[in-house]
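These are the structures in question, set out in turn.
Each of the next two complexes has chain A plus one other chain: chain B in the first, chain C in the second.
Entry: the complex of A and B
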């Protein structure tokens, strides 16, 4: 089922959690709400679920206005960050709760619960209590519980936040596969960009109660709308440069001869670590001299920390292992760097 | 209150800096004081009650219609007070733990007033409200209703005194469990009633029973507030504690002690149940801690 959020605002006292947010989610999509803490992503999710009321704006499930409906009547499945399993009920009764409160006959509940236990691969654990399960098992029970009454939309609040790294990876792949199987429109909240990229069809990047960008993971990563999105989605090097003849030129602070001309939109240049080239000899007159500070050659990608000799700021470069072998660089060596691709944004945000 | 057991557990560990004699001295003092001012009197109550044999004891309790009535009156007031306390306590604790509203802190503070103020004052307040010279006195007598010197005033005064017990037990439990499970229930389609009975109630059950026990013990033993509002007419509005005092004033010691022994016995049962519940609650808390 498609979901629309129109001009939704929410304040908690003086704090603005959401500021006129609008969002359309097509049927069957798996969406990640991504942003730092305090960006309003969880509030938005809770408003879609009906666990929170917006101060302004409306929420539509398909074309039906549900803003004033309570969570109980919206038929959403909600998975809480800390699972919120009913501690006094068994796994079986937890999963069956949504059906039981709707007055579904016992035999039907039993068969549905068994079906879900199979889906979450926890057959045989139905008599356990939540306290007797591991974190990953609890999360799966929470998911099965949310799915039991066949919700029209599945909402997950930081679903893997409380799990350790390995279980987290397993579960997010499992969630992706599960979504491919059951195709229920799903929205999950995360502050982990890697997780959002690994699982979601669409990523919604939020900051300070506003949506900064919506797009596919590739789109958002390759074409960030602004400096915040660029910075939030991965490591980035920031250079103070000048723009001459419409082309950015990186120079250090120390060598900049006076303030940049006012006509240019910004003199701050953003470069991803893997979009910087290391050269032993300068390939162009504007190659930046730098000193190698530290090399981390573990894995297929070698991470190199450099010091920009002009501005003395640190630069972080990623090269593949073959290239690293070919360059044969070592700590303390003087090299040159040249960007393959740079990005310049309107100056509303400073890293 | 469940954490008492945890505290004693951590004290059991012998701390090296305390010398032997300090430990023995303090322990002996504690035990001595408890024995002197609690142990001996309790023993004495039962000793004096049964001094002349069980037949006399039973006759003292059930032979006198006024004493019989006082037992009946107390046993009929206590459940009503407990019922009112539970209804009020659960609603108030819920409101305080789950909502943020203006006056919340004031409500929380006022809830403790009955613990701080002398019960006699509470009784007097009811006399001032419902008495013939009180605010509502004329209206009440004009409408042929009597509150003072009857069971209604006994229930009211006892309610005032016992009000904090259930609330104070429930608030911390409701706050510890938080509202996530309740929200989960609502998101799964439960209505308010289903949420309360299926999710909230099982979580607060032990604390509620604990509060009821304390409330009931206080209700049966209440003297001060009841003394003021009761007419003290034997066989009509004398509760057990009032009757004990009256028998004592009339130098009917065996009867006074017999009735006192019933009160003491009820108190001991209360303590037993309370201790059992505290253990269960500590267990439950440990389980809850594990699952978060």
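Entry: the complex of A and C
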């Protein structure tokens, strides 16, 4: 079922959690609401669920206006970060709760619960209490409980936030596969960009109660709309640069060239760590001299910390292991760096 | 008599030593010291006085003991004691839960003041409570002048006993339920209502089962308090044998008659029965907590 949010605003006292947010989610999509804490992503999710009422604006499930409907009548599935399982009920009764309060006959509940237990791979644990399960198992029970009454939309609030790294990885892959099987429109909140990219079809990046960018993971990552998105989606090197003849020049790179002053437009240049090249000898006259501070050669990608000798600021570079071997660099060595790709944004946001 | 008590201490000492030795592998230090202290204090405060009571009662022959503890008068007293204490604890469970609910869920002026007032029945000498209650509810009292014409006689009756026991046992349920209610995450209720539960269903199927062990534990405390209550009931009850005479009052009556073995015999039965009932309530409580923390 498609979900529309139109011009929704929400304030908590003086704090503006959402500021005229509009969003359309097509049927069957798996969407990640991504943003730092305080960006309004959880509030937006809770408003879609009916747990919070917007101060203004409306929420539509398909074409039906549900803004004034209570959570109980919206038929949505909701998964909380800390599971919120009913601790006095068994796994079986937890999963069946949504059906049981609706007065579904016992045999029907039993068969549906068994189906879901199979889906979450917890067959045989239906008589356990939540306290007797691991975190990952609890979250799967919470998911099954949310899915039991066949909700029209599944909402997940930082569903993997309370789990340890390995379980988190497993569970998010499992959620992706699950979504491919059952195709229920799903929205999940996360502050972890890697998680959003790994799971979602569509990523919605939020900041300060506003949507900054909507797009596929590849689109958002490759073409960030602004400096905030660029910074939030991964590590980035910042250079104070200038634009000359429509081309960005990092101060250090271009210092020797000295074009006429009126052509300069002072700006900030953003370069991803893997879009910088390390050279033993400068390939061009504008290569930036730097000193190797630290090398972390664990894994297929070698992370190198450098110090820009012009501005003394730190630069972070990622090269693959083969390239690292070829270069044969070590701590303390003087090298040169040259960007493969740089990005420039309007100066509304400073990292 | 002294020899018997000494023997009792020695037996406890032996048990204590055996207990400490069996726990030698514990990684937590200070077990023998802390357990030693606990058992010593428990012995001085609870076990020795109680065993002295049993020993005193033991000076009676079995037939004497039986005729004393199972006479018509004592049976009437037991029955009155247990039913009034039970009813009062039941009323307290309901009212206490309600008060705890209001204190946890709502914000209102003077909330902290009301919260502090809950414990007053524990601080007030119960005799004062008994006197105040009886003077309020007699026919000429402030409340009695309206209630007695309506047929509600809340002084010197069984009703009066239950009423004053509700007062003395009031804090227990509130104080056991309050922290458990505070602990329930709002998310759990949100989860239930998102799953389609009505407010009533959230209450009966989620909240009540969660706080039930705490209510039961408060109930047991209020009940135990009611069983042993003397100070207040002596004033509100007319203390008529077979009718409104409670077991603790009967014990004191026997003591005043210098009939110490009789008094301890009745006390022994009261004690054993109380212990049995409390053990039973605790068992239900453990069962109702089977889902763990």
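Here are a few things to note about the model shown:
We adopt the following convention: the second predicted complex is superposed on the first by the 336 of 351 C-alpha atoms of A that agree within 3 Å, B and C clash if a C-alpha of one lies under 4 Å from a C-alpha of the other, contacts with A are read in each partner's own complex, and residues count from 1 in each chain.
Convention: a residue touches a chain if its C-beta (ideal position, glycine included) is under 8 Å from a C-beta of that chain, and two chains touch if they have at least 3 such contacts.
Worth saying up front: this structure is predicted, and the values here are computed from it rather than measured.
Clashing of chain B with chain C is the outcome of superposition onto chain A.
With both structures placed on the common chain, the touch criterion links A:5 to neither chain B nor chain C. Within chain A, the residues touched by chain B in the first complex and by chain C in the second are 49-51, 70-72, 75-78, 80, 82, 84-88, 97-98, 101-102, 129-131, 145-146, 148-149. Residues 180-181, 183-191, 194, 198-199, 202-203, 287-288, 290-292 of chain B are the ones touching chain A in the complex.
On the side of chain A, the complex with chain B involves touching residues 49-51, 70-73, 75-78, 80, 82, 84-88, 97-98, 101-102, 129-131, 138, 145-146, 148-149.
Within the complex formed with chain A, the chain C residues making contact are 185, 187-188, 190-198, 201, 205-206, 209-210, 290-293. Against chain C, in their complex, chain A makes its touches with residues 49-51, 70-72, 74-78, 80, 82, 84-89, 97-98, 101-102, 129-132, 145-146, 148-149.
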